[in-house]
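Supplied in structure tokens, the structure appears directly below.
Naming follows writing order (A, B and C), and every chain is counted from residue 1.
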């Protein structure tokens, strides 16, 4: 696509195009990072990053820049195509989308798919090879079900939702519109509920269900359990990375993001816009307020107020944790100082 | 089911029914938590919980109570159906079981299942669509094998065991009676054993096997590896949550419970009744005694005596860890105090 | 196999056979650990291990020993077959390989496999039941594809590589020679990239690909994501255990090893020969130098120089961490000492 065509498209978008220069109007083939981009590739630079040097050395044919005089001048000097935007990362995402139209399998139901009686399938659906769909399911318009997916009975798959290969959806789950469930994820499996008795663990029947609201994504091999009673609910627009565990009865607000290997124990509640970095753990029945950000490996055992930025184990405000863990490294000296002081003081 | 019918059933059970009042004998449809239960739903209250207020506000038609005078009086005052029991949680589990008979697929072998030669299949078995079973396997009476399951050669699946969709069982594994292997779990895969050589990692052949004793459950996407020689063994009645890793040659006692994302390294031994909370790690060849409880994210690098309650990383007695981590938060003040003391003492 | 035959084989190998005694030339059936081995089994003993006592009690018919006079004499005294070697563990691995020839399924394509148009399949390939292969793929000579595997379009599977049951390979991935992808692993799925906007998370298209170089292994249920642009690359001979997450754009050197539940965030770089123990986390864009060893649960937030041995969270040199965490356990006393000193000093 010509850079001038891209500019026309970005003008329609919401990334805040401010200024641009078509230069030799290069024919852009794909996106690339600054350091390896070639003349037929496009890159982007973000606010506050140390990309000035990289831009200088880059062979990229076009760049998307933040609104920054220095970077703009550098691009002018190089004589390459450039645009300045309020949100160059968003513009780059939209550019990649234009350069790489999403592959969608052709509509239709593969003859090897096994669909039990009483399944309602709307128009424009793709159901791949070796898929199994249990009785009473409802597959809505435009859904894409890749090979090997297993759907237990009485599940609803929403409009234009996509289920990647070999994922499994358990009974009664409700998947909203435009959700993506990645490969090998498991939705709606039995919660881990057992009652201790003198004869061993007695299974608490898990009679509830899992609801994914619209625009939710669930990463590869992530697992979301259904509860004994009631529901596990993932709020609209929440994005979940790979290998994440969501326990029975958890409820999340809208627009949360959870990085890989996060674990959320049964009954916990997350507000809207919560961001959990990799390997974070949230304890049973803990309440995490709106817009909380927890850094990686954080262990959240007690309720957290809205807006907090937390770190460490047990979780504490990030600033405190930075000070505490800096002092942790000094513990041997601290210990020695105390010995010396004791000798001096109590001699 | 009428509340009076439920009482008759609980009287036969082992939850220790003490007293009850049928009131208007409501027709109970399902279980629900106190705060959302309606007139045709049943809830339960546990010892020591702050449920008195919730009970007051609840619209539940019936409640299962601990043996507690106040709660009992409150229920009487509300005029609802109630029962007092030694173990109301167990009674609730049994009630859910009565209200929600477990769905079992119809017996039979789906025509799309691929079963190699020399497989012995007993009566009353369900084998779903797109299942693959390797030669020499033995599927015992009443086993349920959901769609997409792959069983490698020479595996034994015990009486009434259930394998959920898309799980994989590797060669020579032995699954006991009434086990449940949840979706996408992998049993009996090769242990992670490599010998360092100057030409890189040389694979140690993993010629052992995995044994699940009776009544074991393995969660979704959990992995249990076989060892180079000998066996990996999960003791009777042990329950394993989702995304748990059990390394090659691990042995666990009976009745253990492991929450999600626990990792147990090769050759470790757990006694009976060990409970590991979420994201706990157990090191290579470590011995964990009977009835040890490890709290979440605990890192167990050295042997632990029976009966210990441990926390932290590296693991220490829980009480000590609580004190130490409380003081960790004071490290900046501690550091400052020492500076002041040094100034004062050594001036 | 007779012990004398084994010796002939080990003489050809690279485990450094030094001396041996055939004794009664036992017919070795299999490998076993010293404490349970019987007369027709073979065990091994390593340098520096406390195996002298175990060897004394062992009923093993044959042992592979390090070059150690005491152990050798003990074996002579027991009258069993023995060999001394520079690397007895490597010799044991080779012995297990000889005693247990690897099971390989018969070549051929199962009739239930669904192979789209334009797939190139070389000779000597096994493709099992219910496999799906998308258009444009290239399956090279000797590849083994177990039941239930799903391969998206335009993937290359290298010479003699093995894909275990129900794993999933996403578009454009390139799997090198003699790689092993274990059950339920996912290669080449979309990286977790979203741009925050006022209307929620906007998906960054993930147009890159994943490359596994030759001799790479990826454990069960591990996930390796493709990036927005460019590649995620796993270096030759790198071994990855179960439930490991490799984020988009990560690059590892050759011969790395990652234990179970390791997580590596997007854009991180590992040098050659890096070893990460269980549950280690590596942060976004962090650079880890050659031959770094990180102990379990380590959290790596900043670049690490080649050759370092690191521990803890945040990561620090292992020796420092041992001292600091020993002092962490003394924090309550330290705190009390400071109170006493303050009282004494500032009274």
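Simple rule for what comes next: a contact is a pair of C-beta atoms (placed from the backbone, for glycine too) under 8 Å apart; a residue touches a chain by one contact, two chains touch by 3 or more.
Please read these numbers as outputs of a predicted model, since none were measured by experiment.
Residues touching across the chain A-chain C interface largely differ between the two copies, under half of the numbers being common to both.
Copies chain A and chain B of the same sequence differ in orientation by 120 degrees, per CA superposition (steps of 5).
The distance from the centre of chain A to the centre of chain C, with each centre set as the mean of the Cα atoms, comes to 27 Å. Counting partners per residue, chain B has 112, 130, 148, 166, 184, 221, 243, 261, 279, 313, 328, 334, 338, 341, 345 as the residues that reach two or more other chains.
Here chain C touches chain A in the complex through residues 112, 114, 130, 132, 148, 150, 152-153, 166, 168, 170-171, 184, 186, 189-190, 192-195, 197, 200-205, 207, 221, 223, 225, 228-230, 243, 245, 247, 261, 263, 265, 279, 281, 283, 299, 301, 313-314, 316, 320, 323-324, 327-328, 330, 334, 337-338, 341, 344-345, going by the rule given at the top.
Across the interface of their complex, chain C is touched by residues 14, 30-33, 36, 87, 89-90, 92-93, 96-97, 99-100, 102-103, 110, 112, 128-130, 146-148, 164-166, 182-184, 215, 219-221, 236-237, 239, 241-243, 254-255, 257, 259-261, 278-279, 296-297, 313, 325, 328-329, 331-332, 334-335, 338, 341-342, 345-346 of chain A.
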